[in-house]
Each structure stands twice: as structure tokens, then as C-alpha cells.
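For reference, chains read A, B and C in written order, and residue numbers begin at 1 within each chain.
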Amino acid sequence: MKHVITLAAASLALTIGTAAAQEKLKIGMMVTLSGPSAVLGQHQRDAFNLAVKQKDGKLGGLVADVVIVDDELKPDVAVQKVQGLIERDKVDIVTGVTFSNVMMAIAKPVFESKTFLVSSNAGPSPLAGKACSPFFYSASYQNDQNHEAMGKYAQDKGFKKVVVMVPNYQAGKDSAAGFKRHFKGEIADEIYTQLGQLDFSAELAKIVAAKPDAIFTFMPGGMGVNLVKQFTQAGLSGKIPFLSAFTIDETTLPATQDAALGLFAGAQWAPGSDNPASKAFVAAFEKEYGYVPSLYAQQAYDSALLIDAAVKAAGGKVKDKEAMQKAFRTASFESVRGSFKMNTNGFPIQDFYVVKAVKRADGKYATEPVEKVFTAYGDVYAKECAIN
Amino acid sequence: MSKTRRDFLVLGLMLAILAVLPLVGLPGWVITYTARIMAFAICAVALDLVLGYGGMVSLGHAAFLGIGSYAAGILIAEGIEDFFIGLAAGAAAAGLYALATGAIAVRTKGVAFIMITLAFGQMAFFVANALSEYGGSDGLTLWSRATLNGTRALKSDTTLYFVILAALVASLGVVRLVTASPFGAVLRAARNNPERVTALGYDVERVRLWAYVLSAVLCGVAGVLIANLTSFVSPALMAWQRSGEFIVMVILGGAGTVWGALAGAFVVLALEEGLSLATQHWKIAFGALLVAVVLFTRGGIAGLFDRSAR
Amino acid sequence: MSFTLLAVQTLNGLQFGLMLFLVAAGLTLVFGVMDFINLAHGVQYMLGAYLTAVLAPHAGGFFGALALALPLTLALGLVLERIVFRPLYGRGHLDQVLATFGVILIVNEGVKLAFGAAPISVPVPDLLSGSVMLTDGLLFPVYRLAIIGAGLGTGLLLWLVIDGTKFGMLVRAGATNAPMVSALGVDVRRLFTAVTAFGAMLAGFAGAMVTPILSVEPGMGDGVLILAFVVIVVGGVGSIRGAFLAALLIGLVDTLGRSFATDILKLMVSAPTANRVGPALASMAIYVLMAGVLAVRPGGLFPSRSAG
């Protein structure tokens, strides 16, 4: 924590002190650090800082000056702060962004100022399709994809009857739609819960009554923690397969612990992923911060690597927007997730896995891949994007 | 100098500073940030009309702000881009919702009024969340700002700044006129002694209702301006925490005073930005400040000013 | 849609309502007796939860932590009363709202600073883990039954104290007419302190009780605070009986609304429309209920004082 404060203070001092920053790469990182979802922002922030630190404070050969701001999960606050980043701090790249509503709010001012936006999490469908922009690049996923992976998995497993339960907000509805895209069986019930709801006893009773082959859910943050604990307490773990997205990960496992063991999630990566880059990242992250990185951390780490590769490919000319656009599209780097290729709409083409929560030999909880569901999978909105 | 005269001098000075701010070569983000504070200040000033002068603590005013912004946003999304149509729609929508819900709310008082306005605010909030066509909880991006007489004049932040400043001055003027009128006298008297006002033959509920509706209309206007300024509308604008923030602005600045609500809006929002730049744990400092202001002052910032000037 | 499902949901609603009652009881007493709006009541609930979660590994599990958390929340209530609340008793509601809102900000952020932003949890105590088979394969967790028991027990205890002791008599008298109690020579200040600290402990108890089923995180008290306010205005400010019945009513309406609103709508409109409108209606249900009650009875269901 102290480390962060000094970093923020240092970046503030730099912001005020230096007007002539030609050899610098100025990056504004906007993440959610307030409220119940603060832990997601914390993972992103820590991982991005780690990547910069590992590269001796440089990205693409330029000294990286990272300003971290908290969007407070309020879209209008985010717009205000991103304008500050662009106009006051004169950042070349805005990165981070935990939630889709914040992303949709800041997209317009960022694009209009011809600043690059590198998402380390949120991937709302308008930005992948009709409202795509040559200034937008994602090092995460398109919002539908992890849910689609679970739907495909449910289909492949031959489940006939599934209950879908998601929070009643846009990302929840997108999640249900994503799941249904590849799952052709019967949806026994679609349950929409209140956002931020913490007590799922009513829904669980309903799920049991429906006698499904599996349930699919999307409950980020504290909602997921509670759902998992209550699901297991109700004696359902092991009886009804629990398929999820953004529910079982390293941001919730410290709280759910044993209750989540054996439950499934869809993801493009897990700390248990078996490739050298991933292993090195997980080890370095745990050594630095003392906790297990989640996919949010991995995406932010990859964002730093993507920026590093793109700036390098553009020869450090970050003000040359066209060179940078070309560099972002073609830049290659060793992604922690394994395969990574930039699609025409600025979203990755990548593999998706079913992952499972396990207790590691060192007693910590983490997810690990069970099987690959999609190979080199792009999102369905890319064809609506008119960049090319 | 009389207290009233001095108060107007302070208010005039504040507005004069706001009027010259864009002309002194400040960076663009300061201008848009100040414009945002002014838009929120309109709603704070409007809340003060019911809270400060009418004694009705509304915990649902963010809903009016949100309804105004949704009216403007939906019109733009549907291709009706004229600024004044949006303004009229936002004001009317907020006013109608206030009329319908206020008719029930003004029958209650004290904490029941706080809670019933919260309830109506929450209802609007959940409806906005269910509006999938317009982004639901993700909100709605306005890819263009409204047009002013067919021109794209509002594309300039400075122009929009002056439009918002004009709306702020107009709101202050309206609230001033109303509170100085016989209607305002009844409203204030009803705050202190409703039985007596009723005995004098006035319909207290009706007076309260119209004050409530007027206040909502002004917040609706503020919502239209916010929607254009941020090019984005979302349910987050009408969360109950936002309503609480407005109450904090009014009380911190000094409820029922000439410039308290305006000052409160500026202090709260500027501190939020300033403190959050200094530390990620700025809320501790802000919370401590709120406690200190209550424990060591009376009547908020405006009250503090009174005592030191005396 | 079976009768057993309805039965389970009713139990769930009961459990949720009783938890709300634990928080609302302290709030309504403090409000009723002292005419003091304490927004910081929600953070007292959060502190109870945090103390339990943080102490559990060191105090031999949940019960040890609970035993420590109760006196600690009581002490924290006393400290808060002494520093912040006491100077505000004679002041208007607005000052109280502003100051206690400030306390919320400080404590929420302080908790984040001390224990991190990530949710933490407490395992269900072994004694109360597992589920009981109600009927027909419908399971109900033992721990939730324990919460129901704790809520009913606390309600009974409060009723005995308030109805049968001198302290309770003073509290009742204070809720009806505080100046009169003072005029009769009772040390109102000591009564106020006792009520506040006791209320804080009740909220802390509620917070502690939910740790095994809800995640412990910064800001967890804010939503509960609003619900508790809904309970006390529906029940009638200052009335324990009102708070008890309103808490049950709201727990049931919220739970049953969430489970059945969409299904009932599906009988009337198409499924996609029902899926869209149902959850929004369910979220609103308690607010509609509150607005309805206040519109007909502005003093709540059981107003404890004639005016005000």
C-alpha cells in the first residue's frame, strides 16, 4: 500500500515538475479502487506496476510515467478524471478500466482526443462492433466470450437443462445472452438478481426445485463470494455442476476458500496455466505482493507488455498516431495467456478454457485449466466493425 | 454593511469569478471540471429551496437529475438533437415525476419524508437500470452533443460552460424570487410552524408540493446539462448516494442561505478531486472534515463566514 | 411452483427479516429515545462483522470471535457516542446526518486501509454447518436456522427488557416524551449513552452473525443501513414491536418478490418481457411497500408518539 502511495506521489510530482517530457511515455491508468469491487482494480494496478518495474521503469524503451486514478465506479466521475489525464497530464495512453459502464463513459472523450485506450478488463460489445475505434485495443477479452465458453462447454458436456442466474444489469444480460449463443439445450429458468445482492437463499431454493443438470452464473466480486458460500452450504456443491464466469477467481477465492473447490469458470487464463511466461509471471507477482494473481492481474500485465511491444514497434514515436495504430495491430509479444493475436476490431483472438478452483500444495487457493473450449476464438461483433 | 447586502456581494463575487474563469487561459480540464461543478450546484441550489427554506429533506433529488439527463440523452439517441427541446423535455419529465410522487410525499414530514423521497428515487433508479434499449446499467453514450439553433456550438466546452453558468444564474435568480415572494414566506413559515400556517388559511401541502416540483424542474435542467457535458447518461447518476451528496453539499455550505448551497457544491466536489489526487484514502480526511464542520461550526460554511465577519 | 418452495422461501424471508431486525432495533431505539439520526449505525454492523472475521482465526473460531466482538462493538459504540454523538443531541437532524455521514466515510475507508479491499470470510462453525432436509429434497442450511433462532431470541430478550425492567420503562417513556423523563429527574444522559452503546452492540451482533453467510467487505453496512431505515419508518420510529413486524414484512416481501415476481408476470406477459420487468419490480417492491405505508400512515404502522 505504501509502495502505491509513493508511486502516486512520485507521479504527481512528475506531472507538476516536468513540462519537457519528450523521452517519456505517459500512461494514465484508470481502475476502480473504491467500494466493494476495489479488489479488481487493485489486481490490475499491481500487475501493471509489476510489469513496469520488471522492465526497469521503461515501456518500449521510453521511461514510463504511470498516473493511477480511481474512477470510483461512477461514470461521470470517470469522464472528469479521464479529461484530467488527457489534458492536464497529457497522457499518450489510457489503460485499465475495470467496468463496462465506465468504459462506455470514457470512450468518447478518449477517442476524440486521439489518445489510445488499452483495456485491461472491460470489453463492451459496442466497442467491438459498431462503435469500434482505431484508438481502442484490448488485452483482455470481449465481454461475451467467457460466457460463450461456458455455454459451449455445457453444450459439449451434453447438459440438457440449465438454470442461468445473473445480476440484473447490462453485463448480466450480456452474460446470459453470451451463454445461450452456443448452448442449445433447455434454459429451465433465467433468474435475474439485484446488483449487489448478498443473500441468495431464495434463488438457491428455486434452483433446487428446477432440478437442472447444471447452473450457469456470473456474479463478480462480493456477490460471487456469497453465492459460492451459500451454494456450498446448501449442500449443492458436487450435486449440481456450477459453471461461472468472473465468479470463481483469485479475487474471490481468498474469501470463499474451500467452498469454491471443484466449481468451474470460463477464462482465457488461470494461474495454473502451463506455459513458461505464465509461470514466471505468477511467481514474480506472488513474490512482490504476497497474493495469487487473478485474470484481472494477468490482463493488466499483458496490457503493459502490449504497450511495450507497440511502442517499440513504432520506434518510440508515440505522437505518431498512425504508426502507433499499425504497431498495436501487428505488435507481437509473449502473452502470459499463450496465444494472442489482434483482431480487426482491436480485440484479441485467443483460446478459452474451462478452469477449476483448487487448493495448491502451498495451501493457497487458485484456478487451473481443465480443458480448452475454444481455439483462436474471436468475438462475434468484429464483423460489424468498419475499421479495416 | 447589512448581512443581506454582504451576502449578495459574496454571491456576486463568486459568479463574477466564474464568469471570467474561461477567459484567463486556464487549461481545458479546469473549465470542464468547473462546468460540471456548476451543473451539480444548480441541483444543490434547487434542493436548498425545499431543504433549507421548506424544511423538507429530500433523499431523492438525484432521480430528478437522472430523469433530466435521460430525457436529453434519449432524445439525442433518437435523433432529436435540438438543445432547447432537450431542455424542455428534461425539465418537464423531472417536474411531472415530482408532481406525481410529491403529491404523496408532501403529506409526510421529518424522517418519513426523507424515506419516501428515497423510495421514489430508488424506483426511478431501477427503471433506468431496466432500460436495455438505452444501455441499461452500462449507460448510454451520446456520440454527439445537442445542437444550438441547428449549429454545433455546444461542441465547444467553453460555450457549454457559459450555457451552464447562465442556467446557474437563472436558477439562483428563480430560487431568490420564489423565497422573497409571498409564496416563499408561506413556505418558510410552514417549515417552522405548519399548524399556524394552516390555521391562517393556507394549504401547506400545496405550497410544499409546488416548491418540490420547481426544485425538481431545476434539477432536471441540471441533468440535461450534465448529459451534454459528459456525453453520457447512466443510472449511476441517480443512485441514492448521489442524493445524499446533494444533502451534504447544502448542509455543509449552509442550508437556507444566499450562497451556501453554491459554496457547498464547490467545496465538496473540489475537495473530492483535490484530496483524491493527494491520497487514495482521501475519504478519511473528507469524513473528518464533515465531522469537524458540524462539531465546531453552526450553519455550515456560510454560518462560519457570518461569525468571523461579525 | 410448489408449496414446499413457497415454504422454503418463507423461511428465507424470515431469516432475512430477523437479520434486518437486529440492525433496526438499535437504530429505532436511538432515534426514538434521543431523536438522533445515526447514519453511523451501518458501520457498527460492519465493525461487528470485521471484528468477528479478523478475530476468528486467533480466538478459536467463530464463537470465540463472537464473544470478543460483542464487548468490543459495545466499547466502540461508547467511544463514538462520547466523541461525536453527545455534542449533537440538542442539534437539528441535518447536523446529525452530516456528522454521522462523515463517520461512515472515515470508518469505511479506515477498514479498507487496515484490512484491505478484498472481501474476507469466516467459515461456518462446525456445530452449525450442513443442511437439514425439510421435505422432498429441499435442503435448508442449519446456519440460517441458527440466525432465525438468534433473531427470535434477541427479539424476546428485548421485549422482556423493554417491557419488564426499569431501564425498559425509561426507554419507552423516553421514546414517547423525552423532556418529560428528564423533568422527572432521570439522568437522561446516562440513559442515552446506555441506549446508544446497546444499539451499537446489537448492530455489531447482526454483523457478526452474518459473517459465515455474507462476505465481509468495506461498505457492507451502507445497504443494510438503508434497509434498516426502511424498517423503522415502516414500523414506526421508536417502536421495537413495529421494527420487529416491519422487519419480518420487509424480509418476506423482498424474498418472495425476488423469487416469484418474474414467474407471476410470466402468466400475464411474454417470457422475455417478464424477465425484464420482473426483476426491476422485485427490486422496487420494498420501496413501493414503504411509500404505500407512509402515504396511508405517515407515522408508520405502529407510531410510538402522537406527534413528530
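Throughout what follows, a contact is a pair of C-beta atoms (placed from the backbone, for glycine too) under 8 Å apart; a residue touches a chain by one contact, two chains touch by 3 or more.
Everything numeric in this text was worked out from a predicted model, so none of it was measured.
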item: Winner on C-beta contact pairs when A-B is weighed against B-C; value: B-C
item: Distance-maximising chain from chain C - centres being C-alpha averages; value: A
item: Centre-to-centre distance between chain B and chain A (centres being mean Cα positions), rounded to whole Å; value: 36
item: Inter-centroid spacing, chain C versus chain B (mean Cα positions, whole Å); value: 31
item: Where chain A touches two or more other chains at once, by residue number; value: 33, 168
item: In chain B, residues with contacts to at least two other chains; value: 129-130, 132, 283
item: Set of chain C residues in contact with two or more other chains; value: 112-113, 279-280, 283
item: Residues on chain C engaged by chain A in the complex (per definition of touch); value: 2, 4-5, 8-9, 12-13, 15-16, 112-113, 116-121, 123-124, 129-131, 137-141, 143-144, 212-220, 223, 255-256, 258-259, 262, 275, 278-280, 282-283
item: Residues of chain B defined as touching chain C within the complex; value: 51, 57, 104, 107-112, 115-116, 118-120, 122-123, 126-127, 129-130, 132, 240-241, 244, 247-248, 251-252, 255, 281, 283-284, 286-291, 293-295
item: Partner chain B, residues of chain A touching it in the complex; value: 4-5, 8, 12, 33-34, 69-70, 73-76, 79-80, 83-84, 86-88, 100-101, 104-105, 107-109, 124, 126, 131, 168-171, 173, 195
item: Chain C contact footprint on chain A (complex, rising order); value: 1, 33, 35-36, 38-39, 42, 168, 190-194, 196-199, 201-203, 205-206, 208-209, 221-222, 225-226, 229-230, 233-236, 251-252, 254-258
item: For the chain C and chain B complex, residues of the former touching the latter; value: 31, 37, 84, 87-88, 91, 93-95, 97-99, 101-110, 112-113, 222, 226, 229-230, 233, 237, 276-277, 279-280, 283-284, 287-288, 290-291, 294-295, 298-300, 308
